[in-house]
Every structure is written in C-alpha cells, then in structure tokens.
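The structure under discussion appears below in the form of structure tokens.
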Amino acid sequence: MIIVNYIASVVLIALGFYVIVSKKHLIKIVIGMSIVDYGINLFIVSTGFNEGGTAPIYKMSEFFRGSYFVDPVPQALTLTSIVIGACVDAMALSLVIKLYKQYHTADSDEIRRLRG
Amino acid sequence: MMSYIHFPVIAMMTLFLGAFLTVVFGRKSQAVRVFLALLSSGIAFCLICALIKPVLIDGEVISYWMGNWSPVEGYAIGIGYEVDALGLFFALITVFTVLLSCVYSIRYMERDSSLDFYYVLFLMLSGSVLGLVLTGDVFNMFIMIEIMTFTSVGLAAFRNNRAGSVEAGFKYLVIGSLGSSMTLFGVAILYGNCHTLNMAQLSSILAGKLTPSTVMAFALMFTGLAVKSYIVPFHTPAADAYTTAPASISMVFSGMVNKAGVYGMIRLTYMIFRAMDKSSVQLLMVIFGVITMFVGVTMALAQHDFKRLLAFHSISQIGYVITAAGLGSALGLTAGLFHAMNHTLFKGLLFLCAGAVFYATGTTNLDRLGGLSKKMPKTTICFLIGAFSISGLPPFNGFASKWLVYQAVYEKAVTSGNIFYAFATVAAVVVSVMTLASFIKVTQAVFFGQLPAALEDTREVPALMRLPMWIMSCLCVLTGVFYDQVSKWLLMPAANATLNVSDYIDKMMGEGYAAGAGVVNIPAFAPRFSFWNPVLWLLLFVIVLAAFCLAIIGSKGDRAQISAAPEDAVDGKYATFFSGEKSLPSHVSGSDLFWGFKKNWKGYFKVMDDIHSGRVNDYALYVVAAAALVTVFMFGFVR
Amino acid sequence: MMFPFIKEAMTNLFSRPSTENFPAQPVAAKPNYRGRISYDPEKCVNCGMCVKVCSPAAITREYKDVEGGQEITYHFDLTSCTFCGTCQDFCEEKAIVLTDDYLMFAEDPKDLIVSGTRFKEKVKGKLSCGEGCVYCGLCARNCPQNAITVDRATKTWTVDHEKCVQCGKCIEKCPKKVLSFAEPAPEGVILGPDCIYCGLCARKCPVGAITVDRPSKSWTIDREKCVQCGLCVKNCPKKTLSMGPIE
Amino acid sequence: MEYLKIIFNILVFPGCLFVGAVGLLLAGLDRKVLARMQKRVGPPVIQPLYDFLKLLGKETIVPKAANRKVFLAAPVVGFSALVVTALFLPVLGYRAFEGSADLIVLLYLLTIPAVALIVGGSSSGNPYAGIGISREMVTVMSYELPLICIMLAVARKVGGSSLCFSLSEIAAYQQANGSLLGSVALMPAAVAMLLVIPAEVGTQPFDVAEAETEILEGPLIEYSGAPLAVFKLNTAMKMYIMTTLFSALFLGGLATGVTALDALIQVLLCIALTLICITTVHAVTARLKVEHLFKFYWTVVAGLSALSLVLVWLGF
Amino acid sequence: MIKKAIANSMQRSPWLYHVNTGSCNGCDIELVACLTPRYDVERFGFKLAGSPRHADIVVVSGPVTSQSKERLLRTLEQVPKPYCIVTLGSCPQSGNVFKGSYSVEAPIEKFCHVDVAIAGCTVKPEAVVAGLYRATEILKAKREAMNK
C-alpha cells in the first residue's frame, strides 16, 4: 500500500510544479511551493515506513538486532523540512504583501520590472 | 590548547552566535552591531585559517561528529562535519569574503535603517555557507542551503525602498526553494536507497554504480545544486538579486553563495556519486558550462545597469568553473577551483567598486554615469584591476585561471578526440573577449568619458570602504603572478582531495572502510601546465618600462614639454576636441557602444530578451523543464 | 571579380609613377591660365575701369600729391583677387595682364600685392572746348570714361566733369586742337541787381569780408578775406547774392 | 655575462631596438609600396622614423576631460607589452626566452596593446574616442575567434593527441617535418591568419577604429606629441609581431640555425608578409563598416579557420 | 644631435589639418588634388590628419564666416606647438567676393598670425605644394627656436 503514498507524493509535486508554472497570482505561486514541499514531505515520511513496524521508541536494553520498527530518521527529516517549509512560506507571503503594496497588483505578468 | 578538530564547528557556530547576539544586543547601537559582526567574522576567519596547516599542507582530513555520535557498525548515525582540502578551500573563500564584506558594510550601509536585521541576516548567511561547505551530511547540507536561501532573500530585498528589490527577493525565493525542494527530493530518494545521510558512507555505498533510483536522485540533486550555483536556465533570479542587493551583499552572493552551489556540484559529482569518470556526465557539465558562460556574457553586453551587468558576468564566470570542473580531469578541476577562487576575488572587487560608485553618486545606471575617474581615482584603479582580471589580461589572476581552463578543455579535446571540446575552448576564448568588451563598456560609461553635470560634487569613498577593495586588488595581482604557488599550495591539495575519495571515507567511517567498499585510492598528481611565466613577463615588462621612462627622462631637453590642463581651464586649448564646437557634455554612454556587434546579433538578442521576461512563472518553467531534461539525459546516457 | 583593382595595383607597382617632380622641375601652366597680375604703369591712363569692374574690389587706386603733379598708384591685391580677368579685358591700354605665374604665396600677405605708380602732371583746369570745333566726335569715341558727348546735328559738345578723369586722350586726338584744360575762372560771391542793402549778409559773414553802406548804397566784398562759405547767399532776403565766376 | 645577454636581448635583439626598427621599416615600406601601387612616388622608406621623431618634438597636450595618469601611461604600457611579446616570439630558430609563454598566452598578450589603446582613448574623454574604442573592441572581438581557431588547429596538428601550445615544440615540429604551410589542412588557417593580420594591426579596410575621415582617428584623437608617437610606433611594431607570429606558426621550417641569417630571413619574411596582407589589401579595398567587418570575420575568416580545425581533427 | 634630428624631421613629416571656414570647396578640392598621384605631397611626408592635436600645419580655406570664426579659433588653440597656419586662396586673407558681408569676418590676420598665404582663386595645386613646402621650412625654424 505504500505505493499509494509514492504516487500521491509525485502527483502532489507535479501539481505543485504545475501551479507554480501556470498560475499568475503570487499567492497561488506560494501555495504551489508549499504543495511541492508537502509532496516531498510525504515522500520522505514514506521512505521510512516499514510495513508492520512499531514506533521507534526503545530503551537501550530493549533494543536488539532485528528489532522491527519504523525508521525514525525520515520523520525527523520531515519535521525539519516542514519547519523550513513554513519559514519559506511565511517569508514568501510577507514578500507578496510588500509587493502588493508596491505594485498594487499580485499578477506576475505585471511584476516584472527586472527583465532583459 | 584546543585541538583544531573543533575549529570548523566553532567557526560556523561563532557566526550563528554572532547573529543571535546581534538580535539581542544590537538593536540600538551601531557600534555593538559592527563589533559583533567583525568579531564573529574575524574569529571565523582566524579559525579557518588555522586549519590551513593541517589540512592543506599536511594533507589531513578533519572529521567531527556532532554530540560525538560516531558511526556504529559502519553506519553513520550522527551529523558529521568533515573538512578536507576541498571543503577548506571553499571555507577559506567564504570567511575571506565575509570578513571583507563586513568591513565594507560599516561605511557602505551607514545610510540605511534597520541595520540590525542586516547584520543578523548577513551573519546567518555566512554561517550557513560555512556550514554547507564543511558539513559531511547531505541533509545538513540541505538545511544550510535553505537557511542560505531565505537569508539571501532577506538581504536581496533589504533595500525594499528601491525599485525591484522585493520583486527580486520573491523571484529568488521561488526559484531557490524550487531548487532546494529538488535537492531535498534527491536526498530523500538517496536515503530510501542507502539508509544513510553521511556523504562518506553514501559515497562508499554508491561506489559509482548507479541504479535507476539513484540516477533519479542524482538528476534531482544535480539540478537542485545547479539552481544554487545559478548556471544558465536557473540564472534569472541571481541576476535580479545581485542587482538589487546592497553591493556588500552582491559581493557575498557572487563570492560565496554562488560558490556554495558550485561546491555542492563538485561534491555531488566527484564524491557522492563519483560519476565524473563517465563521459556523459562530463559532457552534460561542459554543455551547461558553455551555455552558461555564453548566455551570461552576451546578456551582460546588453545591460544598462552596472550591477546587473556584473551579475550576468558572475553567471558567465561560473560557466567557466562548471566547464572546467566538469571535465573530470585533474587539470580541469585545478582550473575550475582556481577560477572559482579568482572569481570571488575579482567579482567581489568589482561589486565593491559598483557599491562605491553607488555610494558616491546614488545610481548604478550606466547611462547616467561617466567621467568618475577624475573624482574617484582610487576606485578607478581598483576597478581597472578587477576588470582586467575578469577579462583575463595577463598577468592578472583571471588570465592564469582562464588559461588553465583552456588548457584543460583542449587537453580533453585532444585526448578524447571529441571536437566538441575544441569548440568549447573556442567558445571560452570568445566569451573571454566579450567579457573584455563589456568591461570596456563599463570603463567608458562609468569611469572615463565626460563627467555629467549632475555628478560634479562626487567625492572619493571613505578609506574604510577602499580597504577591502585594495586587499582584493592586491590579491588579484598576486594570485595571477604567483599562480604556480597558488596551485601548488591551495589548488592541488583541493583537487587531490576531491579525486581521492578514499581518504575522506576512511577518516569519516574508520580505517579500511573505503577499501572494503571497493574505493580505490588515486595517487597524488601534479597537473602539467603549458608555459606561462608571469614573473618573467612582469620583470621584462618592468625593465622595458624602466628603460622607456629613463629614455623619457633623458630626453627632457630634446622633446617638447607636456602641458596638462590647469584646474580652472574651461575652453580653448585643453577642451575636448569636438570638431571645433564648444565642448558640450557629450558622453558616449554604455548603451551606445558595440552596436556593430549587436546589429549582427539582433535576432539572438531579441530571443534573449524574450527569455528573460521577468515573469516568475517562466523562470520556474525553466527550472522544471531543465530538471526534466537533466533527468531524461541521466536516464538515457548515464549508466 | 571581388577586387577589381588588384590588377591595376600590380601594374602600377611595376610602372613609372605619374607624379610630377614639381618643385625640382618647374611646370609650365596651361595656356590661358590666369595667374599673377602684371601691371604696366606706363601704359595706364588712370581710367579706373579696372577698379570699377573688379568684383571683389581687389584693385585700389591711391593718389599722392607731389611737386608738379600727382603720383597715381594702383594696387592689385592678389589675396583678394578672383583672377576672373575682367580687368584685363576692360583695360584698353593693355596695362593689366594676368600672367601664367601661379606660384603666388608669401609669408607676408603684403608681398602678394602688385602695385604700380605713375606720375601725372598737374592739370590746370577742367576740360573745355574752344572755338573751331568741328564736332567730329573723335574725342567722345576715345574717351575711356564716356564723359564727352558730341552731337553733330545740334552742334553741341558737352563734358561730364564728374566722369572725366583728365586723362588727356581727347586733347591728344583732337584734329583741330581746340580741346584744352582751361584755367577755370575764379569763383566768388556776386551781387545781383535787386540788392536793397539790408546788410544781413554783412552781419552773417563769419569773417567780416562784406561791408554794406546803406546810405551810400554801396556793397563791397574783400575777396581776400572771403572763404566762400555761402552764408551770405543763403541769408539774402532778396536772393540776389549768388556764387559764380568773377569776371 | 648572463645578465648582459638578457639586457642585450631586451634592448637590442630581439627587443626594443630590433622590433622598433623593423616595425618602422615595415611601416615605411608599406607606405612606399602602397604609393607605388597607386602610381605615386610615395614617402621615403624612413618616413615613419621622421614621423616618430617629429612627434617627439611636439608639445603634448593633456585635455581637461582626460585622466592625466591613465592618458599618459596607456601608450607606454602598450609599448612595453609589445616589446615583451616580441621577446617571447621566436625569430625563426632563435628564441630569447625559451618556454616562457605559449600560444594562448601570446593571444592574450596581443590584446594588451589593444586594451591600452582603448583605455587611453577612453580616458581622453572625447566622444569620438568613445566611438573609436567601441569599434576597436568590436574589431578585437572579430579577429579573436578566427585567431583562436587557427591556434588550436596548429596545436592539434603539432601535438597530435597530447596538449601542445608550446612555440618551441611547433618550431621543432616544423624543423623536422617542414613548414606547416605545406599541410593541406592548415592552408585555410594560413589564409585566415593572413586576413587576421590587417585587422590586428588596424590597417585599411579594417581600420574602422581609427577612421580618420569619419571619427577623426578615434581613440587617438586627443593624443599629441610623444604619446602619439609611441602609439604610432606600437602600430608599426604590431606589424612586425603579427607577421613574425605568422612565420612562427606556418613558416618555421625556414630556420637555418644561424642567428644572424635567421634574423635576416625573418625580416625578409616580415616584409613579404606585410606587403602581401597589409599593403596589397589596403591598395585594392575600401574601408568596411564595423558591422560588416564583424560579419566578415565571423563568417568568412572564422569559417576558414574552423574548416582548418575540422580538417586537422579528421587527420588531414 | 637628437635635437637636430627632431628639427630635421619636423620639416620632413608635416601633418596637415584642414579647416574649412565657409569655403566654396574649390580650394579644398585642390588641396585633396595634391594628394593624388600627380602631385603626391606624401613625397615630402605630408599627410592629412584627422585631429588638430596631430597637426603641424593648419590649412585654412574660406572667408571665415562669423559662424566658423569661433570654431576656427578654438581649433587653432588646440594644436600643439610648434605649428604653422597656411591660408588657401584669397578668401581667408580678404574675404574675396564676400568681402564686407555681414557674415564674413574675413581678414584672418585679425585673429591669428598666418605663416604662409597662398593666393589664387582657386589655388593651383603646384602653388599649394610650393607653399606648404615653404611652411615646413618655417616649422623647422620654429622648432629650432624652441630649442634655444
């Protein structure tokens, strides 16, 4: 069943890319960025999933070779990644607000003073 | 006495700590902020320099496990920091840039407000780049890339009252986070394959054998790091951000943030995937490099803004680095690293000059400047040194490294018999000439020619701003003249360390690990250069010059005198000859130059103008499309 | 062919150059070249035709009174001349000739002025025709200035003194030798018949030359003192005073 | 003794005196023969020397808009760079400083005089000079592409499958295997090189940068007196250096081994090449426009040299 | 010795700068005719220079119109010493047929010292050659005077 996760994550990432590439509204672009992030997060978390594994919480005495548990590292990675993604989104949104104040629009076709 | 194995981590942490302390104590006082910034960057500089002896000279590799979580049963479980000559080389570039930028910022940023944010972001950026080049853990690398990205965004948009800066920041953020997302995706796939994040271990597990999933990871990480080094389809936000950021930050961007991406690509291709012996990867890198250098320089020729022009040159020069490093040969790697270092020196210098011009005149528009050499003679000299360096005039450093690049590429051409590399050499030379052309344009448009009336009150920038410029100028000359020493003590250890992965793995994972994984050690090498003896050239040059000057002095009685214009001369004898007309302000500005060239290339420039449309969607499309192309290429050719 | 001149260049390279070796070997000007002006003062009759026809006013005439006559100098300013040759054409006496000397340069522009001086005896008076004229018209035909008009039908001979330059040609040509530069009669104030002896003239006279005595009705003038200013004539209420020849 | 030899090398042969004298001789011959081709008598052969000496005797005016130091230093830097470049070039067999610079380095050393001219012109502050430097730069851009192709072709031919940019090796190869001009593959490159020489020296029809009838000598417009003299000398020396480079690349087989004889043959070669590719071309063409110049070099000349490169690669 | 060589060269390599101050082009064409194969002043080292900064001999033609007077004077100021001024034809010396026009400042002698005046309307190329040759002797004398 883990394949569903992978498919879902790839679909999310592709959707995110599609949104970033095709939507002209800056907020939508930011949303697209977070969709990509979440797709990747889903992927990372899925890589650590072991069918039927327990939670990776052991005392040193309980730990033995062959303990079957879910890989904890991807979860840690995912948490970090989510935090970073949130930071990036916050930063992006604040920039969008600033941009809207300066350009009086959030259309990416209008916001292109720097070109050529 | 502290053992030097702690130095790398302390250096990085000092910078982050400096950022934190600036938040706490630096709100009110400029002096405290400057003190903290100088102190932390100074400490980082000293600590990294202290590593030169063990790492570069003794050839040691320093490893450091965070929290002393050393590997268990051959599996790395902690975050490891590892400093080999390559990492140290880039770390040296980083701390050097940071220190100079910090010194420069003191006066350059004095007219801005919210300087506490500036220093916080600046120190965080420095810390993250230092962390990136010193870390031995791919996920840690990703985190550093992310910190780097959003501190860069903050700094690019720092002068948000100036037109376009927030826009540049936004574009930088979108493209940058796309790049880091791809890196993260690649890291995730790698982790799924190898169940480790440690570079050394990854390297020994992958051992150059690529399965479909690792090829995917390779493609994604390659693209992600390529975005971070802003090679061509991904270069658009860099051009914007370098333009709008304060000059001290532009210098940091092109000097180390860019290099961090290059470092990542070298680390990725040479060490993690060990893919550089595959001719398809070489071809991919060289194609990217050639396109990058060419597009960068032609775009630079069309620019009207001093800093934007420099930004496109940054892109172009990174093309050289990628081309050379992508050859997979020792000579190529040496050349690439040398050019990366030189790029830091001369591009930093040029950005500082642009900053000085901005500081003195308030604009960087090439069409409004002119004749500043009379008002800012020292800046002019620094600029000329930088310009000659970047355009590769002997005996400056740009020449030495470009010359090595040509040799490396042509060596590849003759040894592989592939004529593509021969034309890559030709392209590199032509790009170098075009670089010269666009700097001639800047020289004419900004420093020479006639002074517009609006700039009559311009004055030379303060000495504290000139100090970093002088340091960089001197280094530009010195590294150019003593290039063999530089390559012996700095580049060859770094290139050797890059090629000899087994040392790196052994140090990290324990003796014999690499051999167990089948990693063969390559003996240390010394690339053979062709002939260029700058010291002799300089000596002969000076002798001829001295002989000439003697002749001039000796002929004092015979020749007629030199009559220079007195200060108050207005018209007449000392006026500019303008067909007898009263010399009106008639400055030939940058946009008027080179139309003979542009006319022939009209179609090309039209296409380029359309490509650099300024829409963030288009830019994102380039990234996604290039990622797709790279993936297809990798699946098709890289086995 | 892309470079049509290559054959010519090669041919030239091995043939003699067509350059004149000029300063070493003088080159004669082509016929009818109009170069440096030569002026023969002996031939000149001072008719002034050349001065009149010169469009850039390059020819100037200078008179200088010397004992026994006048020195008339003609200056032909080559730095002002257009070398049109009109003066040569108009000069009846062929005193002006434009030579083929083309080497006209000088460090001092004054060296480029061709001058000639001729002495002319003092002429007594205006041209007049005495008794015995046959109105042949030779004088009129020979007058360079067309100052003389002769009408045989009405038997009149007139001279325009404004035009006359007193060259004396007419006198030379006159078959009857009746033309002469006669001494003109002296002029002065003449009293007419209507004088009422009001004395206004005497009062206006700036030099006190006129004496009027009303009772004796006498009007006298001291010719020595008179400066012929004409104030008396102007102020005469009866307009009886006039200027004229004194008999 | 060693130092004396070096000093002799720098100052007399093949340094300042030799390069300057041969350069001036070439320039004089160029003018004389050009005049003869135009059916004129022409100036005496030592006319460039007269020009040089005369300019030394003229007042040097530094205009108000100019940056004095750069303005005066530019010609001297160009001169020194040219002399040092000449020292690195072989005079057929004779080499003053063996193994000090390779082909690529020479390519770059040759741009220094052009840059000196550009910077000097730019620093004079004259708008005509501004136009002139842009044209000079476009000229440099134009001929650099064919030049590098030529050099790479020669390097491939001589080096085979190893990297060879060394002039000594090229000379040795030609001594052993005869002049490279005899090779079929390199003939287009030799023609291209002949066409590069006039642009590098800046003579008609490629003298757009110094077009005295349009932009009043471009970068040189504000120069007078001694600096102008040095610039004129530089142009003359460039003739020597470019023709020597040609003979080093393509005619190295003519070396005899006797220095004096080599020098003589070299001078004769220089004269012949100057007359072929500078004087004749000057006599039969008119000045090109700058965009046509660029087009010409990037299509015809670059095509020739690229053809040569491809032919060499294919093993001809 | 160098001084002597320089002074000799001064005579043998005079570069001309030509200023047209409203000339009818007659004299200008004759000056150009001097460069043609038939007269070929390059025999004596003459060359037309593009800039007054390179000039040794300034050749002035035309009647010095009031528009061009200022330009002429400015150009003359910008010529490095030693230099000569040669006038071509009648116009600069007198104004010729334009004499007395409101727009003609004619005698050039009012503003500057003329070294050699060549007369003619237009000048004959031989006269130009001879006149310019005379100017070179003056140049040499001027250079020798500078040495003292």
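A, B, C, D and E label the chains in the order they appear, each numbered from 1.
Just so we're on the same page, contacts are C-beta pairs under 8 Å (C-beta built on N, C-alpha and C of every residue); 3 or more make two chains touch, one makes a residue touch a chain.
Since this is a predicted model, take the numbers as computed values, not measurements.
Listed by label, the chains touching subunit A and subunit E alike are B. Shared contact partners of subunit C and subunit E, listed by label: D.
Least step count on the touch graph, subunit C to subunit D: 1.
When chain centres are taken as C-alpha averages, the shortest distance to the whole-protein C-alpha average belongs to D.
When you average the Cα atoms of each chain and compare centres, the chain farthest from subunit A turns out to be C.
Ranking A-B and B-D by contacting C-beta pairs places B-D first.
Between subunit A and subunit C, the centres computed from C-alpha atoms are 113 Å apart. Distance between chain centres (mean CA atoms), subunit D to subunit E: 34 Å.
With centres defined as mean CA coordinates, subunit C is found 93 Å away from subunit B. With centres defined as mean CA coordinates, subunit E is found 58 Å away from subunit B. Contacts with at least two other chains are made by residues 17-19 of subunit C. Across the assembly, subunit B contributes residues 555, 558-560, 573, 575, 577, 579 that each touch 2 or more other chains.
Shared interface positions of subunit D, i.e. residues touching 2 or more other chains, are given as 35, 38-42, 56-61, 216, 221-222, 225.
Chains touching one another form the pairs A-B, B-D, B-E, C-D, C-E, D-E.
Subunit A contributes residues 13, 17, 20-24, 26, 29, 33, 36-37, 40, 43-44, 47, 71, 73-74, 77, 80-81, 84, 87-88, 91-92, 95-96, 98-99, 102-103, 108-109, 111-116 to its touches with subunit B in the complex.
If you check the complex, the residues on subunit D that touch subunit E are 31, 35, 38-44, 47, 49-54, 56-61, 212-213, 215-217, 220-225, 228. Against subunit D, the residues of subunit B that register as touching in their complex are 371, 373-374, 377, 380, 384, 388, 392-394, 399, 403, 406-407, 410-411, 413-415, 417, 419, 422, 425-426, 429-430, 433-434, 436-437, 440-441, 443-444, 448-451, 528, 530-533, 536-537, 540-541, 543-545, 547-549, 552, 555, 558-565, 569, 573-579, 583, 586-588, 592-597, 599-600.
On the subunit B side of its complex with subunit E, the touching residues are 555, 557-560, 571-573, 575, 577, 579-582. Within the complex formed with subunit C, the subunit D residues making contact are 33, 35-42, 280, 283-285.
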